[in-house]
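In the part that follows, the structures are each spelled out as structure tokens.
Shared between the two complexes below is chain A, which has chain B as its partner in the first and chain C in the second.
Take a look at the complex of A and B:
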């Protein structure tokens, strides 16, 4: 079995399996923990409105804007760049549609009535490069900032590595640089698989838990009328 | 006045601007004779004892962005990264991932998280107690929405069980448990105070009425340092025509069980108030000008009791605001400029932000808000039990400067607050810096400006 066959076959299968089971294991393991009911009389009739924190905490409050600007701007630059490159690149879309069809037996277009939009390769490459540069800047900040350096651990650096790896290998594959195309694609796929395998064990889980934690603080604070 | 200092082991210091036990010649920041391994075990077991879904969600969500440092007065004034709020619970975060999280086996197998030692916990005592007022400002900057302050409270539960509480905080908490008050305001002292105040101020102060619509409580700082607050409460209650009482079986709202992390003591202290209010059939329990007392009873009281409380719990400022609205509380206009210092546990974390402002509006003041203000207000630095800890003084004075600057920048004539712990922190800071501003009590300001004809 050559590298590409492994990456496309058993490699992908096991990576996705570990990812799905791991994510579910962690989320279920946390969500199923006991939650004591709050017996105090709420100040506000419905705490559900506190779920707005899921949206409002997306950007810092005015008072914190200046002091967190570097992290916030670079963080968003990375996230948006990464998302665009992941979700709007035609070969990725073809891959996802293939998985989609495999899972539910119909085309994406057949379900949603529209085809999946995509950007040109140049836009995607630029987007990936921006995300790549933002990640480099974030790493430099993590090492240079006394606060970030102190609180960082293996998870922070390894998660950074497995996140930048698919970006780097993807850009190399796009440019056909450094190795035969098939090898580049195989390495790109393997780097994605590494990310998927690590995902449930480290901080990448914030992709899901951010909604839980913001929602929890939002609802608990809202019932008290506390500042959100 | 006798402080009724029955505890000679940890004598009180009631002459200084800040009330605490006297500065100890030898510190005992480790309580009890327990093997180190047992301390660590107790710390971790009790940290997770109340560790439900909420705390686990928070623990799993941190991305180590470090933003929380920028919201913390200790980091902002010192630039020392160890004061980064999420770092303050690092040993507990480590223990959670290694011992209790869904992937604990994974972290242990690969040794990604090492076991916590007692030395590490001792090192962290300063971060969990001396340099955290549990003000919760960090909880508002966290992009993941982690309520870091609530995790510090859980960490204190663990530290308390392990016998790793700072000397003075433990000593006042123990006094509270043994004597009914952390600062010597025992039932005997409280009764004597009331008799003295009734004579001196010629006010009626009902004590131990069998039935009353309203039961009031005081904080030990008010009883011992600002007894005029008791008089102010009595005057206001008479003014609004309340059927009210103090009760010797439940008058002390200060809860050092909560601040030190001793959940059992916290419960016992809260239950005294709850039982007293039930005994006199009170429909409303009024909490005094005390920040953490509000959190302890208004938001944690029912959970301690195990069912919804059969009475309302109001902070005195909320009670005043209600009576301003109802028209029963009629006030003279002061005509001065005022800035209001929001006590963290009442405003930011307690939600009673507008009530004191409604009262100030009724007093006809020109209200000048601080920047940042209201729920984003900087803490005075004395909350969370920090003001009792002598070794924390230099750091506390450092963060107090933020507060002084904020108030000076408003140019207001009078700073006002509704927390006696904040007030004594201001008194102490004022003396230390020879500052020209004196913190005022909203309660006393109202009592001094009651319209005579309505009284």
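Take a look at the complex of A and C:
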């Protein structure tokens, strides 16, 4: 079995399996935790409106804007760049659509009425490069800042590594530089598999838990009558 | 003309003398050598040197053994698209044994093989097409009561070099496909002490064989090979990199089915399972049938036939980026395990909270 066959087959199988098990384990485990009883009188008739905190926290308050601008801008740059490269590149879409079809029996267009849009390779490469540069800049900032360096641990650095690895290997595979294409695409897939395996057990899990924690906190604040 | 029909003394003259006797002009031979040099990415001046070296060379004895094969490789070589060039393969060499092409049969053909091996010991080129059956000590494939395996090991001892023609001889090919009932192996899996060049393809491109032979005649060595034993000059780039549809890939224009507008417009076949991005061969540049076309130009994706184990790498019609990792049941099972683990973890946490609350 060559490297690419392993990466497309057993490697991907175990990575996806571990990812699904890990993510659901974490999410269900958190959701089913017993909530601390709130004995105070509710200030608002319904706490559900507090879910808007999910949106209001997407940008810092004016007081903190200047001090957090660097990480905010670069953070958004990375997330948008990464998302575009991930979700709007045809080879990626073919993979997602295959999973989609396997799960519900019909393809994306059959459900949503439109085909999954995608960009040309050049746009995707540019987007990936921007995300890559943003991640480098964020790492430099993390190391240069005494406070951030102090509060950073293995999880932060390893999560950074497994995130930038698919970007780097993806761009190498796209531009076909450094090794035979089979090797490049196999290494790209293996880097994605490393990301999937690490994802549920490190800080990358914030992809899901950020909405859970903000929503829960928003509802708690709303009940207490706090300004959101 | 099958070489077995050429008088023995014709093998003793130089290639130049032999071609001149057959009416091939020096100019035509020079053009042939220059085109080969060009295809092999050698400098233009080498073309002349190749012509001179080949003209002075004695035509090497070549034994072509067919093992577990379909004769497609021989069909490919004999139906070369440019007779004035590729057909010269039969002029450049003295083809002393080839079951399909030789006039002799039965004991006569075996006698010709043994004679050629004896007279040219240490100097002949051994061409193999088809994989080598190793199961049951090679009994799955025999010729004249002898196994292919014994033929190969015996003939390899006196060979100057071995050329594995086609994917079966190069990497095992279709006979080696899972579950490989005959224990099919590649030539290079069995012979370790001789220079071997692989010319994979199902079938291989004729001019690659011509190029390898010309290189051997000119320089006395095999051409530079890649890690899979293929001549770099012909297998240095992927079909995808040299495909005329590549701009459509870069632009994001893909055929979704074999008869949609994209297919009619000649857009990229990646989505229909084309393996061009991971297949090293020169189909996109040399093409077939007089440079007329190649599979992608005909509207079908590349199967990746010049790569090892191409038959066992999943469907030809599933895109390259689609995983081969399971199905919805796999995901469903993993999800069930995840939910169960999460519920168990939450239950354990609640039990711990209760114990703390009770002051245990």
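One rule holds in what follows: the second predicted complex is superposed on the first by the 227 of 228 C-alpha atoms of A that agree within 3 Å, B and C clash if a C-alpha of one lies under 4 Å from a C-alpha of the other, contacts with A are read in each partner's own complex, and residues count from 1 in each chain.
We take it that a residue touches a chain if its C-beta (ideal position, glycine included) is under 8 Å from a C-beta of that chain, and two chains touch if they have at least 3 such contacts.
Bear in mind that the values here come from a model prediction, so they are computed numbers and not experimental data.
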Side-by-side fit of chain B and chain C on chain A, or clash: fit
First (chain B), second (chain C), both or neither touched by A:33: both
First (chain B), second (chain C), both or neither touched by A:25: both
Partner chain in contact with A:52 - chain B first, chain C second, else both or neither: neither
Included angle at chain A between vectors to chain C and chain B, based on C-alpha centres and rounded to the nearest 10 degrees: 160
Touching partner for A:119 - first (chain B), second (chain C), both, neither: second
Touched partner set for A:64, first chain B, second chain C, both or neither: first
Chain C versus chain B, contacts on chain A by residue: B
Closest approach of chain C to chain B (Cα atoms, Å): 6
Touching both chain C and chain B, counted on chain A across the two superposed complexes: 22, 25-26, 28-34
Touching residues on chain A, where the partner in the complex is chain B: 22, 25-26, 28-36, 38-41, 43, 53-54, 57-58, 60-61, 63-64, 67-68, 71-72, 75, 145-156, 200-201, 203, 205-206, 209-210, 212-218, 220-221, 224-228
Chain A contact footprint on chain C (complex, rising order): 238, 240-241, 249-252, 254, 270-271, 277-278, 280, 307-309, 312-314, 318-328, 330-331, 334-335, 337-339, 341-343, 345-347, 349-350, 353
Contact footprint of chain C on chain A as seen in their complex: 2, 4-5, 8-10, 12-13, 16-17, 20-34, 90-92, 94-95, 98-99, 102-104, 118-122, 176, 180-182, 185
Chain A-touching residues of chain B, taken from the complex the two chains share: 50-54, 56-58, 60-67, 69-71, 75, 79, 81-82, 84, 86-87, 90, 101-103, 106, 112, 139-147, 298-303, 305-309, 312-313, 347-353, 372, 374-376
